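Both complexes below contain subunit A, partnered by subunit B and then by subunit C.
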Partner chain A sequence: MNRTDMKDAMAQDVDVATRPQLATSGEILRVRDLSVQIADKTVLDDVTLDIGASERVGLIGASGSGKSMLVKAITGLLPRAARVGGDITMGGTRLQAGDDAAFAALRGRYVGLVFQNPGAALNPVLSVEQQVCLPLRLHYDLDAGERRDRVMTMLERVGLPASLAGSYPHELSGGQQQRVGIATALITSPRLIIADEPTTALDAIVQRSIIDLLVSLVESAGASMLFITHDFAVLSRATTRCMVIDRGRIIETGDTAALLHDPRQPQTRLLVNAAKTLTLNVNPEHHHA
Partner chain B sequence: MRYLIWRLIWFAVALLGLSLLVFAALRILPGDVASVMAGTNATPARVAAIRSRMGLDRSYPQQYADWLGGLLHGNMGVSAISGRTVASQIGSHAAITLPLIVLSLLVALSIGIPMGCQAALAGSPRVRSVLHTIAIVGGAVPALWGGLLLIMLFGRGVGLIGILPSQGFPDAGWHAPRAALISLILPAITTGLVAGAGIMRYTRACLISMEDSDTVAMAMACGMTRRQAMLRVGLRLSAAQLVSVAGLTFAQMITGVMVVESLFNLPGLGAMLINDVGNRDLIAVQSELFLLAAFFLLLGLLVDLMHHALDPRLGERTQHVGGEEHA
Partner chain C sequence: MRETNEQTAMRKHESAEPSNGTVLLAARGICKFFGTRTHRIQALHDVDMDVREGECVAVIGGSGCGKTTLTRIMFGLDTADAGTVRYRGGLLAGPRSAAMRQLRVESGIVFQNPFTSLDPRWSAGRSIAEGLVVRAARSGRRRHSAGDGEAIDAAVRGALAMVGLDPDDFIGRYPLDMSGGQAQRVAIARAMVAQPRIMLADEPMSAVDVSGRVQILDALTEIRRRQPHMAMVIVSHDLGVVQQLADRIVVLHDGRIEETGATGDLLANPQSAYTKQLIAAAAW
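After this line comes the complex of A and B, so read on.
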């Protein structure tokens, strides 16, 4: 790709992002028979799933069921020792496990990740501006002024004052840190956003506003989303479809409302009941099955 | 800025404490330069005369004040034995040892860091474990043994491929820069290889500890390959630790090179110290010990300042919130 091509690609991405109604065709993510072994332990077992354009899908499962591993497998972030089988197709590219360059070309451009604990994920030696800018720098050949404009616009959209652009992560609150995380994930207008329990590291009061922010930004960008959360209220509000994972296998998938209402599998029922009890009685986020 | 000022004040206080310590220690330890100089058969009167000429008959506070005042002006007195000024004596020996240490450290870093990265990041597990073994074995080789081997391989006149001088330092010193530099190559490689193996192990360990970190994962999520993320983010976040290790290595080399200097017959600081201590040359030894120890303190200062430059979390703004951190 030469410089102009990249600029075109960038312009297209951003255009599509601002015209969500156009982004409804085609397949965003396609996973077939994905299996992952780490040190002879099977952590994912024949996982098959699809995510369509502008579709928002939830993923629930007990602690240790393999949710994070699934995210890592999809994005090529598994530990080096992992043995991977099956097919992943993302953005029309069929990805070979271990082809780090191919995954890297999609990460931060086609797929954006929001991490669970921004305090640990944000690079402590990068300022907010540098951090949010990183995916732009890595994927697009823009001049400094243009990059800065985009970053500042993004900061505004995630509700961060421009005055924080020069701050470092340790100078921000947990909620502000996660806003930086969201801005970084969204700065290139990726087609798919994956969020793995994006608010468990935050105070209960901040959680809701961060989730609402994330969902509304994803929605207005017309992007697709894979959302891992224990908050069933959020799940039914933000996702249309939901998958249940248990010991590395997808055991149930379906319409979110129906699934939460009338779970078919005993494992799902356990999960849903536990979550409901907790959601109704105690702090909604502080459960780990 | 505030940190810098505090750190400099602390450094000055530490230097003062150090000077007291060295002064006191040398007054307590047995051995009298005057009687050594006078010879075994000297009369007490002769010894006393020498003592008074050297100022050793004055009160301790006075001696201390004289010494400190002299130090501040770069005047460390005249060696009772050699008759040269202590400053020029230290200068001419340090002119061998310091460049040797710097060269050794350069060798150690330029081998240790890239090889350490390879040992952590090489695609093939076989390559990684071979490199790791090299690091462990390399660090266990005694410098003396490694130096001998190098002399046997490359030493001019004795070695298999005798291309480099292995004994002594040119008489003209650094006035013949080429010859001087060349005579330091084998010694620097000897010290540098052993230290480099240590740096390689640290680099590898630092990088491996970063491998599963969320920060590296996030850099990858932004679009870096694993290798890029490890080298640009993992290594950068290990930089403060590596600076500490390099500083420690440097400090260890100050004593470590003494063995190598004697093997390669270089008249460095080690030879000077051994000589002066053996002669009970109090005037020279107290300044030499002080400067040597002061050099360690200076290294500590530099390492600290580099930490601050490398890590914004240690910066000014945290300090206002976090309060005193150098109490």
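After this line comes the complex of A and C, so read on.
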């Protein structure tokens, strides 16, 4: 299926009755002065960011810089002991820390999540079909036949054969598991996809195919994406704008290519130089099979 | 059909011999099967591989291609269903064989995740010293002497310095107080402290961030500079690291050797379609 066909199919798939009736403006996510403290340790400090419609934004930073904590804060998955300050607005809904029902109503419907380790993120006792179907069951009132049709269409879009619908996560390769993760995140046609290092556990060839698939599906659906990674090759491929987080603060933001080419902050320069040190130095044009 | 392959591999390995005197570790006709009697998966198909003194060999390939299985078998951490592994000419024939005991003493191993390979209740100094303490105890004395203690302390500090960690700062630190890069460098110091003749690093950078990877690459480069006779086997799918560290590359694909060659030659002029695909994906 080429990209145009995919876009058409996606447009047909999401009808008015089932599309989330939330954001209609260009603003998908708005975070203002977000601070999080856990056991007197500040893990996020005055974070302010916006993600607009159809924007693909990267978030980079060293281990422990607060990347995953920011995702948890945005999706209402922080530990109960966390003290949260600031504002989060998603799809026009202003979210209060601790309002579990409001966050739960958005997770899987307005915002889809793709996690780092698909082997751990997928429920081991649910088949592929049950897994992908779960957000539809939770958020939409569809009959069983319609749910199954949507799941099988989504499996085809992520490149999984229908014969795997009855398989369980342990029977799949890492790449197949992540395709199931992507299908589960996209099945409800969410407006925002948050991908938290979705290819870290995969080898280079599978990583490339997964990133291409994710970007293509997000583009086709007209969704926005927040992509967390510490792989700069992936960052360049998947995002157009980028933010750098260090010790819980957003220290730099800008066009991805420009930021990687000319980082302003010393911490960003350290990260970029480290990534350049680890980059394979060959001419890729000579190696296409 | 699978049984026939297995028998063929078995016949082949019986006639295989290590190639020459400079080879430290030699695998011949290695086959490995996983699964049940009714559903068997062959993870390795008749694999031959040598590691010579002083060289760094990188084993690369996609997830599930058999990299870790092959190197675990070569370092005596797993057994082959068919084939042989010889260390310095001696056959690894079970845990009590002379060659296996010699390999255990003369090898150092770095595992993928430092936080699961280091004991969280032990300080870095204690973890690094453990091998030396055990060795001193087995040298015929029940307890090591004060002189041994000083020598062990000096060796631990030397190993920490070699991997770029301040001995005064890190000798008493616990894994919980370390970043991924720091913890993996402690694990490398542990593997290096007894000055092994051969070292295995199984995806040593996959669990750490980009800054930590550079620190580990620097540590391994420094080790190679200081100990030029030590052989190193590195399992990785990070070709940028392999390019800087390895002398030779072995490409595994679906449990078979796809291609092997000097690092520069193989990366510049790969022969197989799979290797080309692997390099194109890494050089994104």
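Heads up, the rule we're going with is that the second predicted complex is superposed on the first by the 255 of 289 C-alpha atoms of A that agree within 3 Å, B and C clash if a C-alpha of one lies under 4 Å from a C-alpha of the other, contacts with A are read in each partner's own complex, and residues count from 1 in each chain.
Rule of thumb we're sticking to: a residue touches a chain if its C-beta (ideal position, glycine included) is under 8 Å from a C-beta of that chain, and two chains touch if they have at least 3 such contacts.
Just so it is clear, the model here is predicted, and its values are computed rather than measured.
By the touch criterion defined above, A:L138 lies against subunit B but remains apart from subunit C after alignment on the C-alpha atoms of chain A. Once the two complexes are laid over each other on the shared chain, residue contacts for A:P124 go to subunit B alone; subunit C is not touched.
Look at A:A39: by the touch rule set out above, it reaches neither subunit B nor subunit C.
By the touch criterion stated above, A:L202 is placed in contact with subunit C alone, subunit B being left untouched. For the contact definition in use here, the subunit B contact set and the subunit C contact set of subunit A share no residue.
Considering their complex, residues 62-64, 173-175, 202-208, 230-234, 237, 270-271, 274-275, 277-284, 286-289 of subunit A touch subunit C. Across the interface of their complex, subunit B is touched by residues 75-77, 79-80, 100-101, 104-105, 107-109, 112-113, 115, 117, 120-125, 134-135, 138-139, 168, 170-171, 181, 184-185 of subunit A. The part of subunit C that touches subunit A in the complex is made up of residues 61-64, 179-180, 208-214, 217, 237-241, 243, 267-268, 270, 273-274, 276-284. Residues 211-215, 217-228, 233, 236-237, 310-313, 315, 317-318 of subunit B are the ones that touch subunit A when the two sit in their complex.
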